[in-house]
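Look for chain A in each of the two complexes below; its partner is chain B in the first and chain C in the second.
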Partner chain A sequence: MKIKVRKPRFMSVLLVACLAGCSLLNKVAESVNALEEMKVVDNLEPSEQYYLGRGVSAVIVDRYKPIEIKDQRSERQIQYLNEMSGFIEIAAKDVTRSARKLGDYTDRSFDEQERVYNLALYKGIQVGVLDSDEVAAYATPGGFLWISRGLINMCNNEDELAAVVAHETAHIILDHGMANYRRAHKQSIITSTLSETWFSGSGVGANFGRLCVTLSEDLFNGYNPGQEFEADNWGTRALAASGYAPDAMVAMLKRIEQHEKDHKVDPEAYLAHHPPIGERIKAVQDLIKQENLKGNTGTMTPDAIQARNKRFEAAFK
Partner chain B sequence: MARLSLFGAICLAALLSACASAPSRDVQPLQTTGTLPYRHYWREGDPVFVRVQASSADALLLAEPDPWAEPLALLEYGQPLTVLDESHGNYISVRTRGLGVEIEGWVMRGTVGIRAPLLSELEQHELERTGFESAPDATAPPVEGRPTEDGSNDLARGLARLDEHEADLNRLRGGDALNPDPAITRARFRAFGEQGGLLGD
Partner chain C sequence: MEWRKKFPWRRLLALLLVALALTFASTFVQGETMYVKVNSSSPDAVIQSSTDEWDAELVGKLIQNQPVEMLDKTDGEYVKIRATVEGKEVEGWVKKIILQKKPLENQPRVSESGAVDTASFAGNGYNEAVESDMKKNSDEMQKALAQVDQFEAGRNRVFGGDPKEPDPAAQRTQVKKFAKDGKLIQ
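Moving on to the complex of A and B:
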């Protein structure tokens, strides 16, 4: 008897649970659709990323004066850097963008990984030089790359400068700037801000200005340690794919390490945003060894190295 | 027992009915705004649109799925293409029509997206000049305004500096300051590699 009584009760509870569950399912599905609508703006088109990067660059060039083309020397320097970055970007097209293959240093969601695979640059990479002795480089979303005169002066040859360019290009190609912004700020902020910016028809307004300033502050604070390791990894692979010596990344990191020692940079402040440089050097050395990375056949001949160093010195020394 | 079976059947029917009424997550429709701007996998015959501008060395239809392949045609921002084959990793085989001539070639996967981009009046004019029609109501609002609402003169000053910087770069890449040519740009990049002995044997 007990069984006969309890079964209908159990089934009633099951029915109520099913109906409640389906109602919940409706709500979940609606939320998923709403989230996908939000991502429409979050998934920025290359042109939108470009305009955002342009705004961030405007903040950068207002803080640091960029070198203007006023004579043959400055023209040669800007042309040299832009041809180098364009060459590396094309030569490294087939370098992996998979977070897992790049050492598993960053935790990208499926959507973020898809975004990186499909990232395109509206106008390619555009490099500028900041007229500052500070050792700094900034890569913005949309393809703007700014390198300080101080950092260029630290490079001893073309391959080392290429290592700087490849590392910064990695931050652009792997969407590090926007990934940080998405994590630090609610998606809704970027959604509402960009909606007003791009779809109001009133041109660039105060919200756009605020967004650019916020993004540039993120940039001035530096990328997180995982992103730095990932940029070293992609950059070293890109150097090899472009025919440069992958070891140049190690040499450049060692120069920065020496610079940090010489200039007594506050280790607390430095480590707050960057991984210990010794660990970065070791990670790159391990990568070169494990993947047996080297430049193309013939790119490390004395003639080829001399040709590169000659034009490097003509431009910068 | 029969009553129990009937009760169970009603439960099942209610469950199926309620679940059927839940909003479904449709496959992304093509060519409409309000959808993801890209999709990782394409089918043969899918329409796609160029997402990069002529200042990018990627705005080219290539003869082969290779980064240094010979350029066959220049691509305009917003130009419609038809997917032919997507089984070559980072490259997609596409067909397009330039000035009435149909041509097939390869583009990088990220260069195209399923969403017809919003075009400025100038971009729309350029696209129509080459014989393509842009999507209706697809004119972009002016993005290149200047910030005024918060009195951010700093940003305005920076943007003005960037205007000069970009015009210089277009000129240095071998093209016109306002109308860069991606084929010339790409040739310059390749020449840089050759002169530095970077392309190897």
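Moving on to the complex of A and C:
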């Protein structure tokens, strides 16, 4: 009997709650909209990130010189790398959505997390090759990704090159460049020695130039350890999601470790912000083991591996 | 009847309210006009026939600041819209992330004095004009940006577009072919 009385009570409570809820929710929605407007204060439009990326890229290519896209071979290389990054970006979209699972490498606020989920690139990711024997790669805000000839030559097969591309794509997708931009702005860091050499004047253009040069100098030191670990993590998951061998990330990191030993690279001078490579290798190995990451069965057949390596050899060897 | 007493009615009510909240708090409202925030050369600046990343057909291309009308359907990262493309009204799916509520304005973010002031920061405006002004201030930057221009033009040519703009449709087709040839997708 009690139930018969309770049922209508419950339903009326629900109805009142819904009506009250609708009004309350409209207010919540208004507040959310207001907050969205405020976010603009420290966020840049995709087009602005692109122009910032162009400015930063200018300093990178001034230092290394990009390969000229003038013949069939260079066109093939650019096409190959851009198709690869485009594919990884699409195939790894679920990895981005599960960014919270990337590990607690970066102290990302709710707003910053939302930026990652809602990141839109003005012209997509654009991959270029730097004509240098140095082992280097840079990802800028706005989607520019630069890989040196030296680093490409270090790769033994397509899956290893995909590991490099996936790691750098991670810096773009996870908004690392823009996080550094916001930090620089908060600390009012828009000048450096080089920026003062390039820009002596004043005004909007000169100040924008100083900002671009300063950010690129920051980039030459590498992203911070948390961002590097996070990019390794995203990149390894992205390899698995794309059908590439996640172990390729370990192989590439080991190759870089060997390169550092062989060339007695001074960690202070070379990517000074990067964490010790041994720690990165271990973190990736642990991730592969814990998450049981592996390439898709269909993509790991001898036939499939051969198809990828054949085109890799044709393009780069 | 004991189970009815023990049944977590309050939790159910809370869940219903949360579900309602999620429905009403949705950023997209049917009939609302939103604007495209990416360049027409972005691989995402397209209207698709479905939300299938690999098999959808392209219904039309979008340009920056183009108004689109929100329709009543969303599916994961996609939302259904209506837009005018080359004089024709078309409907299809676009990624939510390429839309914003207001068209892009052009106000400088870096102040004349160089100070990081919130007012100028709140505007929009690292753009071609600011870049042009930057080039006037530095020969080094002017030469370096010419190399970036050369790179972008070369890359765009590779993707079947004119040097200023690659063709998003060609990019998507080539990416799909790359994945198929490498036996990364079926």
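Here is the rule we use: the second predicted complex is superposed on the first by the 246 of 317 C-alpha atoms of A that agree within 3 Å, B and C clash if a C-alpha of one lies under 4 Å from a C-alpha of the other, contacts with A are read in each partner's own complex, and residues count from 1 in each chain.
The criterion applied here is as follows: a residue touches a chain if its C-beta (ideal position, glycine included) is under 8 Å from a C-beta of that chain, and two chains touch if they have at least 3 such contacts.
Predicted model only: the values in this text are computed from it and were never measured.
Engineer: Would you check which partner chain A:Leu52 touches, where first means chain B only, second means chain C only, and both and neither mean what they say?
Structural biologist: The second partner, chain C, only.
Engineer: Quick one: is A:Gly124 in contact with chain B, with chain C, with both, or with neither? Answer first, second, both or neither.
Structural biologist: both
Engineer: Now for A:Thr297: first (chain B), second (chain C), both, or neither, which partner does it touch?
Structural biologist: first
Engineer: Would you check which partner chain A:Gly86 touches, where first means chain B only, second means chain C only, and both and neither mean what they say?
Structural biologist: A:Gly86 sits against chain B and chain C alike.
Engineer: Quick one: is A:Phe110 in contact with chain B, with chain C, with both, or with neither? Answer first, second, both or neither.
Structural biologist: A:Phe110 sits against neither chain B nor chain C.
Engineer: Going by the contact rule set out at the top, does A:Leu211 touch chain B (first), chain C (second), both, or neither?
Structural biologist: So A:Leu211 only meets chain C here.
Engineer: If you lay the two complexes on top of each other, which residues of chain A touch chain B in one and chain C in the other?
Structural biologist: The overlap between the chain B and chain C interfaces on chain A comprises residues 14, 18, 22, 25-26, 29, 32, 36, 40, 44-47, 51, 54-55, 57-59, 61-62, 66, 68-69, 75, 78-79, 82-84, 86-87, 90-91, 93, 118-124, 126, 128, 158, 197-206, 208-210, 212-213, 242-244, 296, 298-299, 301, 303-304, 307-308, 311.
Engineer: Residue numbers of chain A touching chain B in their complex, please.
Structural biologist: That would be residues 7-8, 11, 14-15, 18-19, 22-23, 25-26, 29-30, 32-33, 36-37, 39-40, 43-47, 51, 54-55, 57-62, 66, 68-69, 75, 78-79, 82-84, 86-87, 89-91, 93-94, 114, 117-124, 126, 128, 158, 197-206, 208-210, 212-213, 242-244, 295-299, 301, 303-305, 307-308, 311 of chain A.
Engineer: Spell out the part of chain B that touches chain A in their complex, as residue ranges.
Structural biologist: Residue positions touching the partner: 3-4, 7-8, 10-11, 14-15, 18-19, 21-25, 33-38, 40, 51-53, 55-58, 67-68, 77, 89-90, 108-111, 113, 115, 117, 140-150, 152, 154-159, 161-162, 164-166, 168-169, 172-173, 185-186, 188-193, 195-201.
Engineer: Could you list, by residue number, the parts of chain A that touch chain C in their complex?
Structural biologist: It comes out as residues 3, 6, 10, 13-14, 17-18, 21-22, 25-26, 28-29, 32, 36, 40-42, 44-52, 54-55, 57-59, 61-62, 65-66, 68-70, 74-75, 78-80, 82-84, 86-87, 90-91, 93, 118-124, 126-128, 158, 185, 188, 190, 197-213, 242-244, 296, 298-299, 301, 303-304, 307-308, 311.
Engineer: Which stretch or stretches of chain C touch chain A in the complex?
Structural biologist: Result: residues 1, 4, 9, 13, 16-17, 20-21, 24-25, 27, 37-39, 41-44, 53, 64, 77, 95-98, 101, 104, 108-114, 116, 118, 121-122, 124-128, 130-138, 140-141, 143-145, 147-148, 150-152, 154-155, 157-159, 166, 171, 174-175, 177-179, 181-186 of chain C touch chain A.
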